[in-house]
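Below you'll find the structures, each written out as structure tokens.
Each of the next two complexes has chain A plus one more chain, namely chain B in the first and chain C in the second.
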Partner chain A sequence: MSLSEKDVFARLKENAFHVLGLRPSCTRMEVEREGQKLLAMLELGLSEAAHYDTPVGRMPRTAELVRASMATLRDPTTRLQHALWAQLPPGTPAAQVPAKEEPASWPEAPVRLGWRRPG
Partner chain B sequence: MIPFGAIIGVIVALRLLSRNQEGQSQQASPYATNSSYLFLTIVLVIPSTLFTLFGLLAGVWFFAPFTLLGIALCFPWTVARHVFIPLGWPRWASRFSYLAMMSWGSDARGGQALAAAWALLRARNPSAEARAYVEAKLEAADSPLRGAGIVAHGLMAASRGDLETARVLCRSVSLLDRRVAPRLARKLALEWCLADAAAHGRWREVLVISQKGSGSYSLAAFFRASARRLLAEPHAGRVVLISWWVLALRWWATWPLLKRAWRTPPRRASLLDLEAGETQAADRLARALELHAALARVPAGHEALALSAAAVAWDEALDSSKVHDLAAERAQGVGPLAGAEALDVLGDEVAEELAAWALAREVKLAQLEPGSDMVENVAYRVRNELLERIESAAQDMTYRLAERRPLPSEEEWRHFLALQHQCTLATSLGGLEVRRLAFDAVNVPLCNLGAWLFNERQEKAIANGMFRWLLEESRDVGTEEDCRRYQNNVGCGA
Partner chain C sequence: MATPLYVGIDLGTTNSTAAAFDGEKLTLIRNAQGANLTPSVVRIDARGAVTVGDRARRLIDSDPQNTRSEFKRLMGTSQALEFAAAKLSKKPEELAAEVLKSLRKDVEQQLGVAPTCAVISVPALFELPQSAATSEAARLAGFSRVELIQEPVASALAAGWSANDEGSWLVYDLGGGTFDVSLLETRDGLLRVVGHDGDNFLGGRDFDQAIVDEVLAELLRTQGVDIRRADPRHATALRKLKRAVEEAKIELSRTDELPLLVPGAFETDNGPVDVDVVLTRARVEAACAPLVQRSINVCLRLLAAHGLEPSQLGKVVLVGGPTAMPFLRSQVQAALGAPFATDLDPMTLVAQGAALYAASSGLDGRPAASSAQPAPSGRKVWLQYPAMSSDLSPHVVGRLVEGDSGPKPALVRLVRADGGWSSPDSPLSAEGAFVLSVELVPRKPNTFRLEGMGADGKPVPLAPASFTIVQGLTLSDPPLSRSIGVALANNAVRVYFERGAPLPARRTFRQRTVEAVAKGSTGNVLRIPIVQGELEWAHLCRLVGALEIRGDQLKASLPADAEVELTLELDRGGRLSARALVPALGQVFEQVAQLQVPDATPESLQEGLTAARERLSMLRSSAFRRGAPGVVASLSQADQALAEIERDVEAARGGDADAGQKARRGLLDLDAQLEQAEAGLRWPELEETVREELAVASSWVAQFGSPAEQTLLDEAMKACERARAGRQQVELQRHLRSVRKLGNAAFYRHPSAWEWQFDSASSRVSEASDVSKAEELVQRGRRALEQQRREELRHVVEQLWRLLPEDAQERRLAHDSGVR
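Up next is the complex of A and B:
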């Protein structure tokens, strides 16, 4: 896959610990328990389970993602990799810095300059 | 009394126009402007209109419709631009645009297609028949394809909702020889690009377009002054803004932009805002991750600084003994070297993500802080990706040329533009070194494509556009032989 096709923050967004809402120090038992709990909540359609926090914002949580994350954390090698990326807890202040106030667009420009029909 | 003068005038007019319709095959110069309608207007339309006007003033109301028709025929482009295009009537816009052949210079057919495509863009619910009509006009404008024809294709793409293609095509008119890109076409292309960029809030792009484009100087200068104020650039004064607004003569249309730009510029956020939240992380790995995650919200203009900060933080984290201890602790039970290997993998993943971010945000590599291993790793990956894209596209072109597989003229031009855009991007991000390598990759395929279009397919205007760009590149990064070749090729005309 070329660099341009990559989701730039995929490793933070899809980190298995963030998906399950756990910290890297958690035990295997906690992974299983939390995973099963989230799957049950998702099946019932509970809104608390619908999203999870990451250092780059809130992401939608699905049952497939939860199952994949549980599988990832069962493998010690991939768990180690995810643990290093999960060292930063979700919702850290730096990620919440407001972006610069970009100047607003002028959506009616094409209409005003005669390139599009009004309305 | 038989009006012999009028009858002869009508016959001459019809012969002149029918000769034009047949394709002007006997024109001496390929850049000649067709002035037959101007001649017709002077010898027939103006006198007839004056005659009917005097008749009307004398109280002969029968002449009223003829006077109106005469006035419309005296100013065909004004009528097309202000009546038929806003009404969304491609057929009539195209017909009147044909009569305005003087305005379209050497690309009268392209001008007809442009007016038709613009009217289609303005139509509320264009019928399939109207679309087919515009397509036919575009096809006619393709042999050979020139400036107005390219803008027409751009407007047609916009009417389909394909704004990206429309942008590429409208901007490309500036690459052509001015003799085959009429001023009116360049002006309309520039105005469309400005309106599109402003509509999407891409004010930095407005600055670039207004500096590069030609044909509508005052309006471009007004947009530039507005964009500079909106972006809170230094020395973006109100006097300059109001002066260009007055000179642009589009007071009603641009009033909302003037009002917006007139207001106090927005506060310029600095990286200090970012720093405020950056000291939370207790260890180096968390700090590097924090700066990495903060890249997701870096404001435009601060990319290089933010990327350098993140890269340096990663260098520190990956060299830190505490982070090595942490990795070893987490790797307990996996293997004695698993911690170190995991950190190596982490370094590669980080470099990959930072390189992808640098490409997505078009960060100039020369602005990155030197001396950092991670910065060097990222820069290497970015250069590699840029050159791979160019080499792959150039290779596709070589294969196509070897098989002599022609594309429609407009697609040939777009193919060239895509490759040219990749080279421009590579130069902008990677600097002179990457520009040289990119030119090496595209030199031969583009030269062959241009020669094929020029010699065998008679697409001289677009081939000349390609040679002009290659000449510019060869002057900066090519050999003397390249320069000589492209000077000769450009000298062959358009």
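Up next is the complex of A and C:
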């Protein structure tokens, strides 16, 4: 799997709406209420709260993830980003690659993109 | 004690205050003198007897050798404070502990119970070691549990508790030594800290200092007497003058003019010199106005960082002693426009908020709070519910404790004690659990009975039989005020927690060692520096601790490029712990060395000062050469900062440790400022880079990106444009990073991407730390390329990257980091 696919995958599997099991149209109060409930259930080790579903499969749910997701959805800008991903599950990246017309090779691309080495 | 005891303490630089909350009303704690404010002053006499508060404060002038104040500013440093007569030296946290002990006793006097836990407030911009020292002080004072809350959050909580306004507002807290400003938002009863900013070294005492400087300038003008702060001979007299000035300043909040007379204040070579000047309100204002302006600039910066205009603020809450000054109020009002929140006490608001926070974190201070109720009998249930909730129908979750004997209920139900509501009877799940939503009466403590019934319909006693939820404001998890990360050997920062991340938080990343650490050698150390700050380069962030793995702790030698799994963890109060797992050895290392604010010796400060001066003059000449008037103007600010640091270094040389710390911080800030100015000179280049990178990224994303990535890129490009138009460099670079990320993601979907990376890495083979291994990799890479095995090629490139060296100088800058 390429780096980029990992990225897309991460965006979907850690999407705050998926983690909290809420729809992108939910209210702020619902975020708090649902988050508080999930944290309580996780604290008591209830199996019902132990996983959540995403378009790329079932993921383990942790208290940290729930808290981070609540924070994400409280902030209007980060909420917007997550709403985009929750609404637009992208097709697999491979399917998007144009099959024939490959762009011309561009050796300085990495430098232009600010790529030196992963830091 | 029937009602809960939630205790909050404002441990101030100048004054400390305690408040208690019982779920319904707030009570301010009075000390033995009947006052709400206890001066944060500690005196230890020859017999070792400790006096705290006003009685100690009155002896500051006459007995400075045995009386200490303002130790809050030294929290987290190793600076010990001497008590001459008792021949003792005490660390700042030990002195803070004395103040806390005294407040704890006052609570006991007034309410009959010595609290076992409390919430203590700290400035929002406290660095990690300073918070750690505060927790330690609480422990020394006999609190078995303590949580920290940021002062502005506490003020906000108290202000929000008594008002019902929705919208954005600002808490402006100018204390004795620190300035904090926070932008908050209340919506649906949920209080959210949008962001904060501040200056750890701006406060009432800087006003005093400014007035003292003004008085000294007059002495020079009228009598030709030059009194230097660095001269240890004048230390006592200066202290006395400062005290007199402070009193006059406070008095001048009410009168227009005041004589300041200190006969024979200074000893000089030509005999004693009197201080005899008339302080007018206008003069004090003129001396302090620039300081107030500094605080206003911080407010405006905070608003700008969140895209707000002052006109969008609903109100401003004033906190702290200096906000009593009429001129300050009008200057702040003029700049921010929003009305001040009235009928809040600026001096005790923080303590009140801390007490409310104790309630919302369920920190009941009654000794063995549970045993205060009748010994629980019945089947034990593990309950989870919010101690304080803005939501009128929060959830209560419960589960039978396993292994407990006694009859098991089949159904449970919750009944509100006022009889106004009860839940339906609900069966327990297979795990013996229930999830119920309850209804709260607004603004009240709501007590619920937990009732169980057997299959036969008979009651089954449960423990606990009841619990209480206070309906009020909910504070979302406190956000981290500054990003925290690990300095990497290339002087970059791997951010573990972004500013604003909710606490508590834990994060693990995999790092790699830059070089080998030999087993058994103590001199051989793997150093993992932990830094705090927003700037891109490690050396511009504050070093707050370091995890060190010494050769003599290792079971076997650690090769270069070994994997280290590093976990950083922060609790709600911002206390940091770190843990490094070395999978190859199966060893775990946990102790964080040096969780301390670095010492500021006059020598090291002088060095820093000289370097900053050189850098400034170089910058200025190149700004002139390039004809960049904006940058030249910004350098005059740096000039002022430099002058102030010079004064502080001088005072540090005269023995003032606090001034030394202030100078250290000042130098760091100045460095950052110069960095900005340098970047300002490079602004045209940056704009050019941004243009190119945007073009490149959008072409990659257009070809290989998903629709969602395209949407995100459009957002990021808009954000870049906004930052560019507003000339906000840090912002621009931040958004540029997300553009780059998106571009990168798309780039690597290009079939030849790894081939290009391979070409560039193999051209540097001669620099590799292990050349023969690198050459082997290059061979492997060539084969992979011929056979079109892309995964393999990528693997080779990543391994090659890790063999290429880090620059030694960058590594030094990065606090000697041994990881990447």
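Keep in mind that, in the parts below, the second predicted complex is superposed on the first by the 79 of 119 C-alpha atoms of A that agree within 3 Å, B and C clash if a C-alpha of one lies under 4 Å from a C-alpha of the other, contacts with A are read in each partner's own complex, and residues count from 1 in each chain.
Basically, a residue touches a chain if its C-beta (ideal position, glycine included) is under 8 Å from a C-beta of that chain, and two chains touch if they have at least 3 such contacts.
Being a predicted model, the structure only gives us computed values, none of them experimental.
By the touch criterion defined above, A:Ala68 reaches chain C but does not reach chain B.
By the touch criterion stated above, A:Ala40 is placed in contact with chain C alone, chain B being left untouched. Of the two partner chains, chain B is the only one touched by A:Ala83; chain C is not.
In the superposed model, A:Val56 makes contact with chain B only, not with chain C. Contacts of chain A with chain B, set against its contacts with chain C after fitting on chain A, overlap at residues 2-4, 8, 11, 80-81, 84-85, 88, 93-94, 96-98, 102-103, 105-107, 109-110, 112-115, 117.
Across the complex, chain B is touched by residues 2-4, 6, 8-12, 24, 55-57, 76-77, 80-81, 83-85, 87-88, 92-110, 112-117 of chain A.
Listing the residues of chain C that touch chain A in their complex gives 187-188, 190, 192, 382, 384-386, 389-391, 393-399, 429, 431, 433, 435, 437, 474, 476-477, 479, 488, 490, 492, 494, 500-502, 504-506, 692-693, 696-697, 699-700, 703-709, 711-712, 715, 736, 740-741, 743-752, 756-757, 759-760, 794, 798, 801, 804, 820.
The touching residues of chain A, when paired with chain C in their complex, are 2-4, 7-8, 11, 27-29, 32-33, 36-37, 39-41, 43-48, 64, 67-68, 70-71, 74-75, 80-81, 84-85, 88, 90-91, 93-94, 96-98, 102-103, 105-107, 109-110, 112-115, 117-119. Within the complex formed with chain A, the chain B residues making contact are 85-86, 88, 118, 121-124, 158, 191-192, 194-196, 198-203, 230-231, 250, 253-254, 256-257, 260, 266-269, 273-274, 276-278, 280-281, 283, 285-286, 289-300, 302, 326-327, 330-331, 333-334, 338-339, 342-343, 345-346, 349, 352-353, 355-357, 359-360, 381-382, 385, 388-389.
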